[in-house]
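After this come two complexes, each holding subunit A, first together with subunit B and then together with subunit C.
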Partner chain A sequence: MTVPTVGIQAPNLPPKPRPSLFAIGGTLAAIAMTIVTARSVGFSFGGIVTNLGRKNSVIEGLLSPDWGQIWSRRSRAPFIETFQLAVLGTATGSLLSLPLALWSTRFGNPNPFTRGILRGFNNVIRSIPDLLWALLFVSAVGIGALPGLLALFFFSLAVTTKLTSDTLDGIDMGPIEAANATGANLSQMLRTAVVPQILPAYSSFVLYNFEINLRASAVLGLVGAGGIGNRIEFFRGRGEWEELWGLVFMFFLVVFVVERISVTLRRRLI
Partner chain B sequence: MIRFEDASVTYPGGVLALRDLSIEVDAGEFVVIVGLSGAGKSTLIRAVNGLVPLTSGKLQVNGREVTELSRAGMRELRSEVGMIFQGFNLVERTTVLNNVLMGRLHRVPTWRTLLGMYPKADIDIAARALGQVEIIEKAYTRASDLSGGQRQRVGIARALAQEPSIVLADEPVASLDPPTSHVVMRYLQQISRDLGITTIVNLHFLDLATAYADRIIGLRDGMLVFDGPGSACDAQVFEDIYGRSLTADDTMHKQAAL
Partner chain C sequence: MSVSFIPGPAPDLPPKPVDRFKWFFSLGVIGLVVWSALSIDLKWSRLLEAPGDLWTQLRLMFSQMELSEVPDLVAAMWESISIAWMGTLIAVLFAVPLSFLAAENLVGRPVAWVTRQILNILRAVPDVILALAFIPLFGLTPMAGVMAIGVGSIGTLGKLFYEIIEGVQRGPIEAADAVGATRAQRLRWGVIPQVTPELASFSLYRFEVNIRASAVMGLVGAGGIGSDLAQSLRFKDYGSAGLGLIIVVLGTIMVDTVSGAVRHRIVAGSSRQEEDEEDESLGLPPGLAGDVLPL
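Up next is the complex of A and B:
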């Protein structure tokens, strides 16, 4: 009946644990939620198929993108602006994130009151998405590159502080004790005992943050916060889909190249 | 000079780690503290530089009342007391020299520390400390690339770079093999003699203690049960400290031979 196995009989496994009620309930809830939300947004496969079949200038533009956009002088300026926004937003935001993350730890800030305030601040800025930052600053300071920069600054601050804080949770406390035992002050202790431990990871987060910012800066323009998104929005408004897709492909290329470089660099850091 | 007067330490949770301890250690002495695990050896050592606060009693170190020190006063005291750790506590990701320069922090302005720009004079002191434990050629090696014995010599150099009057060593050889342990103990002894540094060392093995100590202090349950020269440390004293007679586990060499 069964194929005889070589050697001794396998030991009996203990009875398989039953899937927990929590897992079953969670799965059911996820399925139910998907169905309910799909119905309420009016999702239907039929609609997709019919729409795809119809003559659609957006899709047609995708098939014959205007490659000239890559060399176009008028697209270059917003492109450079996107890059500048991403670099400046990353540099300022992640620079401030290092002390912010350090001062939010128990060893980096012995005062429970200010530590609580900083942690609360971190949690609040982390819960605001990039586009919302942009909308916020566009309404506060008007359209242009400045709200874009402010948005990316806070967004970077939130992202890098979060990642750095997680790394700080896992560092070796021995050097901290050693630095304190030499009579070092708090800043000196953080600089000599903590920063060297997290520097590779932190640098990698900064690079990663730059990648996200580059992508995010494309979206920012849609709400008037400067960069390539402005130009995309411009073509969209005029229904110039060939130009729009040309621009998007070029952006995709740049993001791809930057990401490859960043991934290679980050791999060498850690 | 270090003077404990009726010093007690109770940890949060209620453990009485030191009970009414009164001892005096003179400048330049080489003292070894022995006792069972949990006897309070680490607590005693850490009280000296204020890493563990006394719950009651008095402690005077270099003329300062440790219990009354301000934050700045505590840093000042700690700068005069070098500390050596069982787990070395080096920053693995940076160079040996950077680790040793940590011993200079109390003399280096904060902005210089932040920029990593140490004055030449302090680098010289760090280099001299590395020379004293004969590991200067590793100055630019990453600490993570060193052997255990080498790491502990860097730990000693870091303490020496403070130009301390007191050195505390909490089980400095517990992570090392017997020959390396002797090398490290000899450096500690030699430094204490050459530079007149008061040295307090916690040790697990009694034979190592008697081989190097001018004076042995035995603790049991946070109380002083022996205080005298290594030569007076006989089987009876051993029973007082350990609550049982000597076994192979208690001496490094018999254990190593097993």
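Up next is the complex of A and C:
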């Protein structure tokens, strides 16, 4: 007896869902944006290839950097200044960011009017980039380390306030109720019910902020605000790319070491 | 008989735990700050004059604005936005393949390690330094900014992307393997559908970050509104600088708002369940937000 073979029919598949209007619209918008912006910046693949392929001192310098810069005595002082700027900028900015973040929350500042003003202030300072702060302060108080410090202060304030605010949004409200129930006033409540909850995250943000500030303080000097950037700008002005890249590599080394230390500390803190 | 309340001795509280690490840490930080404050080459008395100088500067900036300059500055801001968009696009084009090569669940450990080191090196170079390097190659044009942003974002985007890829569910990949998919098919049907929304969301986020970066690059000559700002401040045309600053802030906030809304929609998907909750987070998948903050 033979087994009757049964023709296998394709199962009734459900219809493939059509892509959502949002996906189609989003893709079209992205394509349109690309076309418009490409025209605006004068984009061309050919241009990129020719420009990169041309013989130039920048890439030659990158391939044979002047490693002597790493031990150069004249680079040491600007490096220390960069480090000091990052320390002081982080310390002052993040110190003020804690009350600023607390006063921008509903439980820390019951007054909707002042809360709105503070939040607006946070948004505005957050939209100004580090180098722009530096340029503004160089123009206001002259060149040197002072505009760099002021720039990093505002920059750190913006960053740590934002990060701390996000943490504050997610804290446990129980301790706050408990503190209020025992009749604590606002500052007592914040001190005993809120700050202990966010302190580990906050200290970690401060360290993180220090890492970004160290990177940022390297470029501040490009607009005259002190630190290693001054020296980078000096080499750039003279077209000495070997020295410039040597300096940049040394900077990487410093940043790398500091980051390792900072990451270890951050892990230990949380 | 009356009950009288006798105050007893305070209960035996356990001793407060002492965390040595915290003490050392705090002392170290304070020491570092004091050393920096004392040894930095800075006249602290100048700090007292700074608020006055700043006030003068702000008054000059915001009292001499000429509204006739608005169209030019808006056009310059648009150029900055264009630089950010094209730069991000270039970075995404390179970051996607690199991130597949850096994900340990898709390729072998050695390949992933090498790719990650490439991403780490790219991540370490500040954008502005890249802009300095590209200006001699491309001239003082927006393309120098595009290249700087493009190259500068590959590292960060690649790192975020491979973290997302490593977090995908194994199920679809196994299913693809079970029906005999080739490597490419497995990628196409097992991985890409899972990661596309998050990759898109992060790319948009990076675009927002890059708007700030491109505004800044102009300060060293790489096109966009930064060039105008630097010029105005250099030639003490404060009114124009003030107006430019306002336009940078407004433009940045505007793009952030639009792009943020789109990102929330992408991450939330078409399901409308979570819309009731007021969500002030960054619209990023949990756990990664800390790594990507730009500022």
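The criterion applied here is as follows: the second predicted complex is superposed on the first by the 251 of 270 C-alpha atoms of A that agree within 3 Å, B and C clash if a C-alpha of one lies under 4 Å from a C-alpha of the other, contacts with A are read in each partner's own complex, and residues count from 1 in each chain.
Keep in mind that, in the parts below, a residue touches a chain if its C-beta (ideal position, glycine included) is under 8 Å from a C-beta of that chain, and two chains touch if they have at least 3 such contacts.
Predicted model only: the values in this text are computed from it and were never measured.
Once the two complexes are overlaid on the shared chain, A:Ile48 sits against subunit C while remaining clear of subunit B. Shared-chain residue A:Asn180: touches subunit B; no touch with subunit C.
In the overlay built on the shared chain, the residue A:Ser64 is in contact with neither subunit B nor subunit C. In the superposition on chain A, contact of A:Asp172 is made with subunit B only, not with subunit C. Looking at the shared chain after the overlay, A:Asn111 reaches neither subunit B nor subunit C. No residue of subunit A is contacted both by subunit B in one complex and by subunit C in the other.
Within the complex formed with subunit B, the subunit A residues making contact are 172, 174-175, 177-185, 187-189, 191-193, 196-197, 199-200.
Across the complex, subunit C meets subunit A through its residues 21, 25, 29, 32-33, 36-37, 39-43, 46-47, 49-50, 53-54, 56-57, 78-79, 81-83, 85-86, 89, 124-126, 128-129, 132-133, 136-138, 141-143, 145-147, 200, 212-213, 215-216, 219-220, 223, 226, 229-230, 233, 241, 245, 248-249, 252-253, 256, 262, 265-266, 270, 280-282, 289-290, 293, 295.
Interface residues of subunit B facing subunit A in the complex, by the touch rule stated above, are 49, 51, 74-83, 85, 87-94, 98, 101-103, 105-106, 108, 110, 113-114, 116, 158, 162. Subunit A makes touch with subunit C in their complex at residues 20, 22, 26, 33-34, 36-38, 40-43, 47-48, 51-52, 54, 56-58, 62, 80-81, 83-85, 87-88, 91, 123-124, 126-132, 135-137, 139-141, 144-146, 149-150, 155, 158-159, 162-163, 166, 169, 208, 212, 215-216, 218-219, 222-223, 232, 236, 239, 244, 248, 252, 255-256, 265, 268-269.
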